[in-house]
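Labels A, B, C, D, E and F are assigned to the chains in the order they are written; within every chain, residues are numbered from 1.
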Amino acid sequence: MESGDVTWILVSSALVLFMTPGLALFYGGMVRSKNVLNMLLMNVYCMGIVPIVWVLVGYSLVTGEGPAAGIIGTLEYAGMAGVVDPEEILFAFFAMTFAVITPALISGGVADRMKWSAWAVFVPVWVLLVFVPVFYWIYGPNGWLEERGSLDFAGGTVIHINAGVAVLALIAVLGKRRGWPKDIMPPHNLPLVMIGAAILWFGWFGFNAGSAGAADASAIQAFMNTFLAGSAGMIAWLAAETVKGGKATTLGAASGIVAGLVAITPAAGHVGGLAALAFGAIAGVLCFAAISLKYRFGYDDSLDVVAVHLVGGLIGGFLIGFFADPEAFGGADFKAGLFFGGGAELLVEQVLSMVVVMAFCFVVTYIIAKALDATIGLRVSEEDETRGLDLSQHAETAYNLTESGSMDRV
Amino acid sequence: MESGDVTWILVSSALVLFMTPGLALFYGGMVRSKNVLNMLLMNVYCMGIVPIVWVLVGYSLVTGEGPAAGIIGTLEYAGMAGVVDPEEILFAFFAMTFAVITPALISGGVADRMKWSAWAVFVPVWVLLVFVPVFYWIYGPNGWLEERGSLDFAGGTVIHINAGVAVLALIAVLGKRRGWPKDIMPPHNLPLVMIGAAILWFGWFGFNAGSAGAADASAIQAFMNTFLAGSAGMIAWLAAETVKGGKATTLGAASGIVAGLVAITPAAGHVGGLAALAFGAIAGVLCFAAISLKYRFGYDDSLDVVAVHLVGGLIGGFLIGFFADPEAFGGADFKAGLFFGGGAELLVEQVLSMVVVMAFCFVVTYIIAKALDATIGLRVSEEDETRGLDLSQHAETAYNLTESGSMDRV
Amino acid sequence: MESGDVTWILVSSALVLFMTPGLALFYGGMVRSKNVLNMLLMNVYCMGIVPIVWVLVGYSLVTGEGPAAGIIGTLEYAGMAGVVDPEEILFAFFAMTFAVITPALISGGVADRMKWSAWAVFVPVWVLLVFVPVFYWIYGPNGWLEERGSLDFAGGTVIHINAGVAVLALIAVLGKRRGWPKDIMPPHNLPLVMIGAAILWFGWFGFNAGSAGAADASAIQAFMNTFLAGSAGMIAWLAAETVKGGKATTLGAASGIVAGLVAITPAAGHVGGLAALAFGAIAGVLCFAAISLKYRFGYDDSLDVVAVHLVGGLIGGFLIGFFADPEAFGGADFKAGLFFGGGAELLVEQVLSMVVVMAFCFVVTYIIAKALDATIGLRVSEEDETRGLDLSQHAETAYNLTESGSMDRV
Amino acid sequence: MLKLVTAVIKPHKVDDVKEALKAAGVGGLTITEVRGVGRQGGHTEVYRGAEYKVDLLPKVKVEVVVDLADAERVADAIVAAARTDTIGDGKVWITDVERMIRIRTGELGTDAL
Amino acid sequence: MLKLVTAVIKPHKVDDVKEALKAAGVGGLTITEVRGVGRQGGHTEVYRGAEYKVDLLPKVKVEVVVDLADAERVADAIVAAARTDTIGDGKVWITDVERMIRIRTGELGTDAL
Amino acid sequence: MLKLVTAVIKPHKVDDVKEALKAAGVGGLTITEVRGVGRQGGHTEVYRGAEYKVDLLPKVKVEVVVDLADAERVADAIVAAARTDTIGDGKVWITDVERMIRIRTGELGTDAL
């Protein structure tokens, strides 16, 4: 590996790690002020616990080839035993940053009502039982879904669809926030949401273009696509809400960016720039529309993880079946989509792959949620929810902007 | 191109893109709390609309060589048709990040009173009618201003002077904010201003050192200069305001950094480190002094884009005529300045180049502004201005820090 | 040097520079709202004054070899005279970013009561009289401490221990904040603390992995370790406070990250991944415990710089004596620690090196503090402290969140 | 003669009180974010591993100027709406208002309500 | 005997009212950020494509304790200064104050103003 | 009959006043962040090199409803606790309260305190 490629993966890893606090701010600004710290901590905690789980067992399970080859790895490399090749270490932590952000994405769906202790246990368990196998099927040695020919450049299925479905399973057990949907719960700090969205976009360049594994033509195209899909997602969402409600909003711009980026994620190195605009624009409109699903079906996905990450991920995975274009990448080794002479084969594989992951993720996540609920309990008490999770779970107040405090040591 | 150079341009592009939200926060913190979201959105919107315009036509217009060679490109590459060389794509999006931030800079001058719909139309129109031609003259194939021998390493004229003059033209049509200059309108959130300034400085390393086009000696020097000019700008501004008002302020530090960075932008790869200190120090003092011009001449440049970006840009462009030092760059291929044995020739070209751009930009921007004013209207109503643009343009409130909301669905 | 290595150092320099505003936010969020701007400015000011001092004399003093070889450099390269090799310039500014952040770290210990003018003088004086010699002993040509065989990969002793001891010396002269320890002074803005911590971690990848000097195996390992130590530090701190107080806090997570990162800094390229987990975990617990020292011994280290940076740095420096593992780095050229067959020799050198630096730093810093106190005065008046430093030192208010201002020009 | 009814209530009861007042025919009210000390006793927070008690709990003050005749009825309506039967529900008190002017029109007394 | 004049006004009229009070010879006043419901009727915001009404509009409460003799004049001065002739301009009301103390000196009554 | 004691004090004296009230046997109080204009005269800030005066200084309003018999004693306790002998210490004033209800229980008058 050339030093330039090493540098690109180093930088990309740092960028992807930076996305998780970005997500924390993006989500944190959206909740009410009494829950912002809990939201931040749910995300930041993933940066703490997941790397530990990853180097102790996770990495080994997505790497080793054993009896269940194609399905799951082995414990051969547990604790990074024998992992001494620098390039292997490099990719071990690049992948680790994805393992960090995936459970963090889930936090937005369960915001404002989940027990901190339950979350603390949920994250490592979910990473091992759901993220790791799905990751293996798609990126592991001979992962069976990838072997069949489906495409997921940077984690549309592994990360976004996976996280979105996990939200559905968790909130099926957790229930709605008190007052929802009657009460409006608007963001308490929109500049914070915008800072978060900006950091997410910035980091996403590492996420998508780093997934090329080198600073090559594929990385360059993925970079361009990451730019264009975010742009088109934003403009499409702003346009959709202007048409519907008459106003273009800050929250809409931030959400549209993320929707576009989610949609291009699985396709970033498989499609050209104009296709990236199409991915972004379609996701911007459809994810905006998908927000209303939660009211229709009565599930309380607090910060719309389903509408943005699940729906956006599905859009991206699906559109690959149409837009994948190996020619644009010098005849690269992947199936062409419908629009580029590839027949429906790729589309079928895309759908299969996404359906399999959704079913697996829902079932296992639901079981985890039920188990946690039966043991430590998944949800805070009514009183704790009313006082806010910052106080009840962490004994802290986010903002102390005035001088008159009146505090006594105890 | 080596992978290390590709990586550097990838990173630089991400850094420059990150500058626009940085600018959004820098400006957003400076306005009153009722207008912060509008300020954020004016900037972030540029990240959405400009890339679309750029890949559809802008890039082609700054690239293709046609009948008007030296003046403007052609539509040959519209929609990136035929742009398949990865290196070309790489530089297409690196340039795109500059196209994004230039109109965003303008937003600070028109803050607090411009209609959102007018801004939404203004940005793409201005990019095509003003930014694109000026960019071509200086960076396009055989651009006539560059051919004559003027220097603009990373966009002092194309970006900062251009944006500053556009502010003057826009506010000539837009008028002053209600209450200005009688009412004081201090920043509503100085920590936000500081976060923004920090992101700007961070990103500016990509802006200036990325403009070297490779990770080479020129990039290294530009990086060093970007560091030193920001430092000197900050210290000079703090010193100037301490002398004048007796206090060193946070806003002064943030502004001084930006002033120094603006001034070094055109010269980043053309002068040595001590010269960079001089650029920064001179800009820090003169931009601080230039703030008073708006009171003298009665134009309401809300956040001092003219004093910082126009004046700073002019200082940088002008000082190049004195400090440009090809020897320090191994006898690089550009004219030497007055202090380094080059005679006044370079200085004359610098002045010419800046005057031409200012005149062109002012006239075209003024026409655009008049046209918008006559059609959709440039300015919000008096009532909307008083209520604040966040509510009137976007139906949102930036901060909801208390619990008692009292909201009803309609 | 390959372009990929150049790029890595460019990126790392930008990342480390970005850490200083990150630190500003980390500290700024922790103080009371009346002092936040002062805190921001104390940090950001270091980004202004230190580079100037560095290029004028500092760099020369850590580089030139003269009569006092091994102890201090010469003024041969003052003003960067003769420094024309791009690679030399590259490392000059990479080192400069460390010189910037070290005095910034000190600001957290003296928060809420130090005169701005005293700080403005203190920073350049301290950099020249304390940072520069210590830097030379460890990283300079034949620096005597390094020659003896102690290890400090990325600045545990030079930066963190140094800054922590300087806090002790400064506050010995400065005294306690009014009301401390009776009054509780909780953070005024915890989301700001978290943004700051996130930027610090992000930048720390450049800090540690950039210190490898190239994008090589050592950088990769340092990167991995930077990840793992931050993770383990966070989890250990959260665990410790859960055990003690029953609650995991946001401030705890942010502090634990920093504690882990401080501890791994001197060892980043000298130990393996599991050792990095140990460094982080030990630092997380011990730094948390070390907070209580200030109550025991009655010194008012406002934001716990001593507990996190001094104690964390000592832990890291000390543990190197046990965990240093040249074999893991292909038999690299450094002494092995006790656990890896190296005997106590390295441990002795580590202790010696840290003790020497602590003694030197304390004495010189104390003299500087006394001198400043006798001349311009170190501490603000009682009234200024009560009104807050933002108003009294900078004539600014951080937040103006409501509309009713009532301000008159004077 | 008019009366000012002042209530200090729990923040999340603002909407209920507002509805109750509307139902009671009250057209206007003014609310203020306040903090209160009382029997409720504060909550505990943690800073750097040390616990401390925050005495001042967030409350909302509701002020309504009403006609003399309506004062008790309005006060009772607030009491009914703000009640959660848990400690800290707050207080309602009534004071005299001598004169009331609507700024926009200059109308006085009951007409100004 | 003293009077407390309380006014609820539009936030951007604070400066005008302050000037008017100064002109009326009033040396001190206290203001509070409040929010009000009244005929003005709130504004509409958008969240996730759904519109909702925010009832509580930002207002500022001005409180001035004055001598009995000045109360009406002061109230009128506030009314004149705060008036924009648009809905939501607010109210002014007057109540009795029995006793007033200046904390710094312990002066009482009119001397304490 | 009850009395409302209202005090406008310096923000950093809140804890002292709270302690003094507790010592005086007062079990409840309500505080509000306010801003005040008075003789104290404001402070100067700088914006873009230009100085301007901010008139409205941060103060805290303390409100306590007490029994008629305790009003003066409570007012004096506040005065003693809030005093720093520097300009801007603030005011205390007393007004009548006609009726007081504890929301939780419906208790009236002194029982509601």
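Heads up, the rule we're going with is that a contact is a pair of C-beta atoms (placed from the backbone, for glycine too) under 8 Å apart; a residue touches a chain by one contact, two chains touch by 3 or more.
As the structure is a computational prediction, the values presented were derived from the model and not from experiment.
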Result of counting contacting C-beta pairs for B-F and A-F, higher pair: B-F
Geometric centre distance via CA averages, subunit D-subunit C, whole Å: 50
Subunit A and subunit D, separation of their C-alpha mean positions in angstrom: 44
Cα-centroid distance, subunit D relative to subunit F, in whole angstrom: 18
Of all residues in subunit D, the ones touching two or more other chains: 12, 18, 31-33, 35, 37, 45-46, 50-52, 55-56, 95-96
Multi-partner residues of subunit C (each touching 2 or more other chains): 2-5, 7, 11, 184, 186-187, 189, 195, 245, 247, 249, 251, 394-397, 399, 401-409
Topology of the chain contact graph, where touching chains are joined (line, ring, star, complete, other): complete
List of subunit B residues in touch with subunit A within their complex: 2-7, 10-11, 13-14, 17-18, 21-22, 24-25, 28, 36-37, 40-41, 44-45, 47-52, 55, 79-80, 84, 86-87, 89-90, 92-93, 96, 116, 120, 189, 192, 195, 393-403, 405, 407-409
Contacting residues of subunit F [partner subunit E, same complex]: 3, 7-9, 32-39, 55-56, 59, 61, 72, 75, 78-79, 82-96
Partner subunit F, residues of subunit C touching it in the complex: 386-387, 391, 394-397, 404-410
Residue ranges of subunit A touching subunit B (in the complex, touch as defined): 2-5, 7-8, 11, 15, 32-34, 182-184, 186-191, 194-195, 197-198, 201-202, 205-206, 209, 214-217, 219-221, 223-224, 227-228, 230-232, 234-235, 238, 245-251, 253-254, 256-257, 272-274, 277, 328, 399, 401
Interface residues, subunit C side, partner subunit D - complex: 184, 186-187, 241, 244-245, 247, 249, 251-252, 288, 291-292, 304
